[in-house]
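Right after this note come the structures.
In the two complexes that follow, chain A is the common piece, with chain B as its partner first and chain C second.
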Partner chain A sequence: MDGLPTHRRLPDLVVLPGTREELIAVVRLLAAHDVPFVPRGAGTGLSGGALADEGSVLIVLTRLNRILKMDAGNRAAIVEPGVVNAKLSAAAQPHGLQYAPDPSSQSACTIGGNVAENAGGPHCLKYGVTANHVLALELLLADGTMVESGSPGGEPWGPDLVGLFVGSEGNFGIATKITVRLTPLPRAVRTMLADFNGLRTAGEAVSAIIAAGIVPAALEMMDQSCIAAVEDSVYAAGYPRDAAAVLLVELDGRNEAGVIAETEAVAELLRKSGARSVRIAASEAERERLWQGRKKAFGAMGRLSRDLVVQDAVVPRSALPQVLETICTIAKRYDLVVSNVFHAGDGNLHPNISFDATDPALKQRVEAASAEIMSTCIAAGGTITGEHGVGIDKLRYMPLIFDPESLGAMQAVRRVFDPKERVNPGKVVPVHACREWTSIRSAKFGMRNDDRQFNSAFPISHSTLEPVP
Partner chain B sequence: MTRGGFEGLDACVHCGFCLQACPTFLATGDESDSPRGRIELMRALERGDLTADDAALAYHLDRCLGCRGCEPVCPSGVQYGHGLEAARARLTTARGVPRLARMALWALTTPGVSAVVYWFARVLRATGLPRLFAGWGRFRFAMGMLAATKPDGKRRYGTVRDGEGRRITPTVPYRPLPSLTVQLFRGCVQDGLFSHVHDATVRTLGINGYDVREVSGQGCCGALHAHAGLIDEARELARKNVDAFGDGEEPIVVNSAGCGAMMKEYGRLLGDERCERLAARVRDVTELLAGDAIKGPVPGAPLDLHVAYDPPCHLLHAQGVAVPPLKLFAAIPLLELVHVPGAAECCGSAGLFTLLEPEMSRAVLAAKIERLRVAAPQVVATGNPGCVMQIGAGLAAARVPARVRHPVELLDDSYRAAGRYE
Partner chain C sequence: MTILEKVTALLGEGAVLEPSTDRVPRIAPGSPDAVALLLGTAHQEGWRVRIEGAGTWLQSDAPADLALTTRRLDRIPAVEPADLTATAEAGIGLDQLRQQLADRGAWLSIDPPGLAGRTLGSIVATATAGPLRHGFGPIKDHLLGVTFVTGDGRMVQSGGRVMKNVAGYDLTRLQAGGFGAFGVIVLVHLRLRTLPRADVTYLLEGAREDLTQVGEDIAAAGLTPAALELVSPALARRERWVLGVRLAGSPALVAADEAGLRAASGGARFMPLRAEEAHAFWMRLAEGFAVRPVTFRIGGVPSASDELLDLLQHQLGDEWISASPAAGAIRWTGDATIDRLQRLRRTLAGLEVPLTLERAPWPLRGAVGHFGAYREGVGPLVAGLRRTFDPGSALVVATEGS
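Then we have the complex of A and B:
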């Protein structure tokens, strides 16, 4: 189980190594016995990427949580994979630095998991995603060999293996030491909240800001049902409940005057695009509150319903208004609660469908609506994941955007690192759609839409969305 | 059909935002020792996928401090404490209460028996031996806990004198306030080993316009029983207190955070209106002293002290009382609050937990003691007897030279230095 409520798996064994040496010994032992394994960080992922099946061993990396080196002079840090994202930024802060990628789960998620998923976050609009902030990696491959890639300066020596590894969703091995780039804290920051009467107008405001050539540090959108969930929670930020959507815009820079001028320009653009009001955070505390509401929004979804489908599509920003409207129509047609909370500036949508999985008829409607939302996004020129990864949740959508040749090529690359496909088996590439379907093992760990029962203390179906036997 | 508290867990969508707020997860890094992991176990217990005699289930639920540090960070408002109580009641039905817990409850909360136990403890404490023996082992830690209950006697910390050696008294004149009657809850451990905190409570409330009345026939609040899964016994004790405190309107003042949290839940525990009304009268002593949040308590004389405030979980998380204790410190001029990172994390005391799960309890405590060593306050202030003993024992074992005090004791010292009691 991880951050995605719809999937559960029960591994045969869970190992929690306490040191790098123990981790290496465990992986070598598993290699000697040819046992598949799945690395896991804090388990906040939203694609089921860290779930381990029966037959595999789950290696939990939370205890490898040391910051090995804080090199303020070279604006870099070396960390173990289990270091919590927010704790790294907190440790860098006294040096006037931060670790820029800030997933909403940053208070819990680990750098190792961020590397595996190439995690994004609100501020990645301006600062770039995880891949832009990893300089070097020490890797432990499935067969137990140690490999170093990257360089202290970040410029690849030879092919960019770091770039290849970041975002490989645990399919290439485990990063045992991660050298990250640290970024100076901005000297001036302004955060504002704009509220709108319609999702479409809010979407148009996003396009207007981007078209004006302004690069906000972050540009986030939340719709009405999401606002309600947040406002009912301890992270209530004072978002107007009657608004159809709010935009959270942050601008930062090296000097006060420039940021103030840009803030005024953006406020003006927002008003012109139909914002009912624009509120600029007057204090650091208010700014923090505005952000906490946004960052904890996913966790607050439990207030709407116990089960939740989380999507992660990316569409061209210019298509945002139209796509949002279509999602609304789909939600209405299937009579479902769809909440949108997402990185508008990147066009990275997170439509969340809240439902009660104990109602089988409802489950079918959710399934149909999810598929329809996804095909809408793809038709608009988008793709199936922006930052959550494919994992097991989006396996079924992979054939919608890749042909068998491309999927085969992906698998071939993976086999360079892990010829037996023992690390995180059955994720990312749907082997049944792949022409290069060669081994029995791949089939076994392929897309699991069978209705096989577990022989375990947790007799839970694979997914609340999968058919009930 | 009532689900006995398990319904409080329904809102969990496993986002994992609770993990870093959980002292036991921070100690082990094991999901099963985290709120999210335990919620999964409790859900499996409710569904019947796991039985109450499952060893692994009991192992991880027993290792939960019940500090509820996960509740205030949960965006979905999961009622973890209610779920835990329901799960523990099932475990207790299945396997009974561990003998050690049974013995401790008998010795500490049975009227008659406990009087002898506390008398013996006070005699031992007076010899000064517990302080010498304080350390990390089971026996030595218990000695450290006992030593931490010792009042400071005539020694006063931080009193400020002028150039001629005279005490500096406040310039604010003191006018006696119209007095309001309140009833004092004495509790078991708090009464047996911390009667000096009761004395300080009565005196400081007196200065702030409260006439404190003793109430006969009261007893243990039942919190330790409820945490051990002995719901029926907890109800019996609660009923006794409801009868003792009667149906008046006076606030009931409690200076032990664990008892206060329990008593504020009497309505839910007993499920009737009379208990609901009684629960609504319960106030932590700091809530009464802080009065209206703007002015705070009557100021005292300056105390030149560096104080680290360690909010008890049952005050901060269970009762949601965060600001009133700070108002107390603000009423003492010159007193400086030292920031200690992670102060709001549990100390590992958690009622009988320190006795039943010493390994986890010490692991959680050790992290706090290390941070206190770095922050180096002269006094650690906390408003719960369990926390005073736990932190006191930890400081003594680690040879960190700081005393642990209830916040009202500091205010009491400040009032005495100001001559308010003369």
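Then we have the complex of A and C:
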């Protein structure tokens, strides 16, 4: 299994190549014998992407963990796929640099896994997700071919194959060498905690900050259930237990005066939006403590029950207050403990459900509630995953946001990279829901979650259109 | 029936415009569905189609049976200032889009080269970023999703309208910079910023090498300009090279950066521009790329910027150049022959620097190609993607050249 507790699979064979050459030899051998395989990094994925079935081989990349080049002058590094995210940032630090994407799993997850999932993290609000930080990729395709995509400066050789590969969840091949952009470390950082009486007011405070044109480095929210879990754990951060929600806001920059001025502006906005109190971390130790609660929140929730489903969805920021209330209602209706800890600034929700997977009835309720939460987010104009990927967990939701034609297009692109669909089979695109890409074309417009506004802008006027199934 | 009669029957008379100077029929579908219908038919009939945006710049001169222009796809179905997102059709002019966004306090932080009326679709299709790429990244970083129509008339949507999205493969990034080779973009979901409350520009004139040094000092001092652009004298219409520094954002940050700029540039005298002067400076720069027949961009690592500028100067001349040294991006315009461009592309490939031909008359474009000098393994993938999204080769695009 990976970080998703609901699925388990057993591969026929697990291989841990120790060098790039070994890896290439293994993949070419598998190609010669037509054997499917699944690349795997640290296995922290939360959508079942790194699971391999019987009949396929799991290729674990964690031994390919060398930083091949640290080019501080050009703010870039070249790494093998198994390098752990936090180790890269640690190696960059002496040069005054960091690798900006910082998933909460950064002490374990690999850069290869980050590339495959287009991973985000708390600081992606300001700095962008993995896709914004990958300059070039060396790829090993399923048939054993090597591809050099991107260039050291980031400009593609033609179409942007790097951009296409990032987020392809191991379906296009293996990233064997990764050139990433490094970012100067901020020189000034201010972190503050604001607490609220209601989820709605906290959501509104998020909107107020964004509307003011300030881009915090991070803008994270935790609800009462999450606060309680954190405060009961060894990661207790001093979050007020009676708050309905807390916001953790961080501002950073290269210019102390600018950061101080923006911090004051944000504190004022938070108060005006109904924060009960706003606490600005007075020391590095206090800042770290505030962050520790957030970064270890998933771990802390682990104490609530035997299993935890970490959900992932995105809604437009302005829909946060309403969606959070609906999620609360859903949790009550299914009698489940749902804790929210998420990247509020991006509208990227993580409603996490605590449960015991050995209880089949409970498991069913969890599935049903998850599905309802997804529908709620889609109805609000959102999407089914903002950073954890589709894997196998979210296959069933893909037809809710993409029409058969668009799913077919994805499948067709996958076949350009891997005609036999041997690498990481059965993930991301629900094959049964695709329109066959070689059949007669048809014109069908629009996202399933389009609202009236869109429909009226694009009247579906021609007879070739088929009804949405 | 002639092609024109068939198209008129299909889409109505309103979709037929005056033919181009080379007498190729020009069709302006009025909706994404009409684009799909037209391309579906073209695929079946074996027509060759060239894509135009506003047709303001790139000569619509590719050999084709008909020209498809996106100019009637000019609606803006949604602007959401609270979410900082917008959805616009591909044929909207950037100037109009900008205005409508500004009215709602929102800003699309790109400043592509070209006239103000360039279509959004063409900017996405050619991935032509301007000086703001220094602070806000390449065009692809501003896209949340696109809807496009393939060469055989399929409508495909990718991405969505929210800030983060990893549902499915990222076909949006294939379309950004695909030069229309993988379909016609009909709808774009954009990521916006709030209109900067403070936006100031400073200029420094001097020798190129000196300005490069100042640019490095500014970066080292930790300033975060929206643009830090090195511009050749002819393009800037000044005596000497110019370093343009644009600071945009909250008043607090901009004030802090202004102070930092004075400190970092030690003695060098930056000249502040008045708002209208600043506007004129950046616009002139964008439009300056309109004057000459050929434009290309190259992308190297920042530390190679000087060497690459020297190389360009040596091989083609450096009269019309604009560069973001810290982003390693250089744009050149002027007159060039097929031979010289191909030689330059080869030389650059040896340095791991791609050259993307952004615009040129068809004879040159067709021979040199927008892309070329692929690295290992890239060619077959591009060919496969082309076949996937345009199985009948209906779309006339000079991808690799002949």
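Following the convention adopted for this analysis, the second predicted complex is superposed on the first by the 436 of 469 C-alpha atoms of A that agree within 3 Å, B and C clash if a C-alpha of one lies under 4 Å from a C-alpha of the other, contacts with A are read in each partner's own complex, and residues count from 1 in each chain.
The rule is simple: a residue touches a chain if its C-beta (ideal position, glycine included) is under 8 Å from a C-beta of that chain, and two chains touch if they have at least 3 such contacts.
Bear in mind the structure is a predicted one, so any value in this text is a computation, not a measurement.
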Check: Looking at the overlay, does A:124 come into contact with chain B only (first), chain C only (second), both, or neither?
Finding: second
Next item on the list: Determine, under the contact definition given at the top, whether A:56 touches first (chain B), second (chain C), both, or neither.
Entry: neither
Checklist line | First, second, both or neither for A:410, with chain B first and chain C second | finding: second
Note to self: One more residue to check, A:233. First (chain B), second (chain C), both or neither?
What the structure shows: first
Notebook entry, point to check: First (chain B), second (chain C), both or neither: which does A:340 touch?
Noted result: neither
Notebook entry, point to check: Of the two partner chains, chain B (first) and chain C (second), which one does A:65 touch, if any: first, second, both, or neither?
Noted result: first
Notebook entry, point to check: Between chain B (first) and chain C (second), which, if any, makes contact with A:255: first, second, both or neither?
Noted result: second
Item checked: Superposed model, chain A: greater residue contact from chain B or chain C -> C
Check: Both chain B and chain C contact which residues of chain A?
Finding: 457-460
Next item on the list: Spell out the part of chain B that touches chain A in their complex, as residue ranges.
Entry: 10-20, 25, 28-31, 36, 40, 44, 49-50, 54, 72-78
Notebook entry, point to check: Mind pulling up the chain C residues that touch chain A in the complex?
Noted result: 31-34, 36-37, 40, 43, 75, 77-78, 80-85, 87, 89, 127, 137-138, 140-141, 147, 149-150, 152-158, 160-174, 176-178, 181-182, 193-197, 221-224, 249-250, 252-253, 255-257, 259-260, 297-304, 327-329, 352-354, 356, 370-378, 380-382, 384-385, 388-389, 399-400
Item checked: chain B partner contacts - residues on chain A that touch it in the complex -> 1-5, 16, 42-44, 60, 62-63, 65, 82, 84, 86, 105, 107-109, 229-230, 232-235, 296-303, 306, 308, 457-460
Note to self: Under the definition above, what is the set of chain A residues touching chain C in their complex?
What the structure shows: 71, 73-76, 117-118, 120, 124, 128-129, 131-132, 139, 141, 145-149, 151-161, 163-164, 166-168, 171-172, 184, 187, 207, 210-215, 253-258, 261-262, 265, 314-318, 343, 346-348, 381-390, 394, 398, 401-403, 405-410, 412-417, 428-429, 437, 441-447, 453-454, 457-462, 464-465
